[in-house]
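Below are two complexes that have chain A in common, paired first with chain B and then with chain C.
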Partner chain A sequence: MNEARDSMLKEVMALDFMCIELNLYLDTHPYDQRAVMVFVDAARRAKMARENFERMYGPLTASASNSFPWPWIENPWPWDVQ
Partner chain B sequence: MWVYDKKLEYPVKIKNCNPRLAKYVITQYGGPDGELAASLRYLSQRFSMPLEVAKATLNDIGTEEMAHLEIIGAIVHQLTKGVPAKVLEKEGLGGYFADHDRAVYPVNASGSPFTAAYIASKGDPVADLVEDLAAEQKARATYENLINMMDDPDVIDPLRFLREREVVHFQRFGEVLRIVQEKLNERPYFVKKPEFMNVSPAAANVSPISNVSPATANVSPITGVSPVSNVSPATTGKK
Partner chain C sequence: MKPNEIMPAAIENKPEANIAPSKTIDMCKMQFYNPMPIVGAKLTFAYVPFQCLCCLYSPEVGLGQGTIFPELDRPYGADPVYTVDG
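Here is the complex of A and B:
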């Protein structure tokens, strides 16, 4: 039913996950210059995907709320069965 | 502080309810080797860590474990949503249902509630880090047990992801332990102010510490020591 939303969110999830993984690696390898560059690029792409998603489907963080009525409360929440 | 991101770290889309599986999966919510124990352990231990690397790693892995807690909660919720009470009772969740209905409550697979006795936060970096290594292995083993009991690919998929994350966390904690032990084994040395700066020894902050020896791995560190920590900055100089 909401497959377009699902596949867009999956892209955000995948890019954010790449950032999480690099984040953990960099915490123990802070001087790995190449890894930092890869992180910065991944974060940039994740941010773009997130903004594209939020533009169509609403905020992913409360502070990204940008419409009326207060959009943050809207379903679906991540644990909901769809 | 924490910011909530309105998505799961990994998708959970369970099409078929199955309370029998929920009864077991819930141990990774409130059980001894589950995600609540993991996140509470790491987020508590981070306060007393001496090195930036350790603080960051415990902080970030602890945060990720909270995301995993959410995934397990979602799995349990989706497995039991809408299931009639009689069916829940037949599948072994009668006791749980009596107290919690279809809510998610932190218990282990036998129904014992979560306790802080599951975690340790010793304040000793080596003790804490080896506890964390053990915790990740126990979590991995538990996920393997759960996966072996499951037959629904919708449930196995996120469990397999979580198991892989435990393996990665184990690697990270291993690196932090190595870094912490290397730091503890360093010989601390102090620089004594040369005479020509004309400051009397009493005024200088130099104190040779005579009982320092190359630390072995399990010696509690003189924390906060860096090579030039006892050199006082030059005062007005010429006198």
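Here is the complex of A and C:
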């Protein structure tokens, strides 16, 4: 498996996880202005990381597949991942 | 009769107060079913401190630890870099 691809995918996963964590925090702290700022920044970075990854290595979700021929099957299958 | 007079040992929270006076005590069953109620115990309040946003782990560290909040990372307060007193 491509090492650069792995590290980019891990970055996407880490930033998505950060968004989920801050989402949960904000559910109980809706007036925490600093947390909202951190969340907005994390969401923006997650979106950028996702777009960068998808531009280079293809769609991360089937709904992000928007080209022809169908690019979803070009991703490594679960049994291809080492 | 006041509740205190029924089981004075329960007020003092002695362990024998919660054990039924029988010859053989099956300790396995005791874990699930205690036939003697605690009488006269006072209500108490549970207190959970409200979380405050302090420092956060980086996304990569957070993904590895399972939380981005150092104060929720177990064992709690083990990393002196992320503790308030540290």
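Quick note on the criterion: the second predicted complex is superposed on the first by the 74 of 82 C-alpha atoms of A that agree within 3 Å, B and C clash if a C-alpha of one lies under 4 Å from a C-alpha of the other, contacts with A are read in each partner's own complex, and residues count from 1 in each chain.
Following the convention adopted for this analysis, a contact is a pair of C-beta atoms (placed from the backbone, for glycine too) under 8 Å apart; a residue touches a chain by one contact, two chains touch by 3 or more.
In this text, all values refer to a predicted model and were calculated from it rather than measured experimentally.
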Tell me the contact category for A:36 with respect to chain B and chain C: first, second, both or neither.
neither
Quick check for you: in the superposed arrangement, does A:27 touch first (chain B), second (chain C), both or neither?
first
Going by the touch definition up top, name the partner, chain B or chain C, that contacts more of chain A.
B
Tell me which partner A:18 touches in the superposition: chain B (first), chain C (second), both or neither.
second
Applying the document's definition of touch, where does A:62 land relative to chain B and chain C: first, second, both, or neither?
first
Determine where on chain A the residues touched by chain B overlap those touched by chain C, and list them.
10, 13, 17, 21, 25, 28-29
Chain A touches which residues of chain C in the complex?
51, 53, 56, 58-60, 62-63, 67-69
What residues of chain A sit close enough to touch chain C in their complex?
10-11, 13-15, 17-18, 21-22, 25, 28-29, 32, 34-35, 38, 42
Per the touch rule above, chain A residues touching chain B in the complex are 9-10, 12-13, 16-17, 20-21, 23-25, 27-30, 59-63, 72, 77-79, 81-82
What part of chain B is in contact with chain A in the complex they form?
3-14, 53, 56-57, 60-61, 64, 70, 73-74, 77-78, 81, 168-169, 172, 175-176, 179
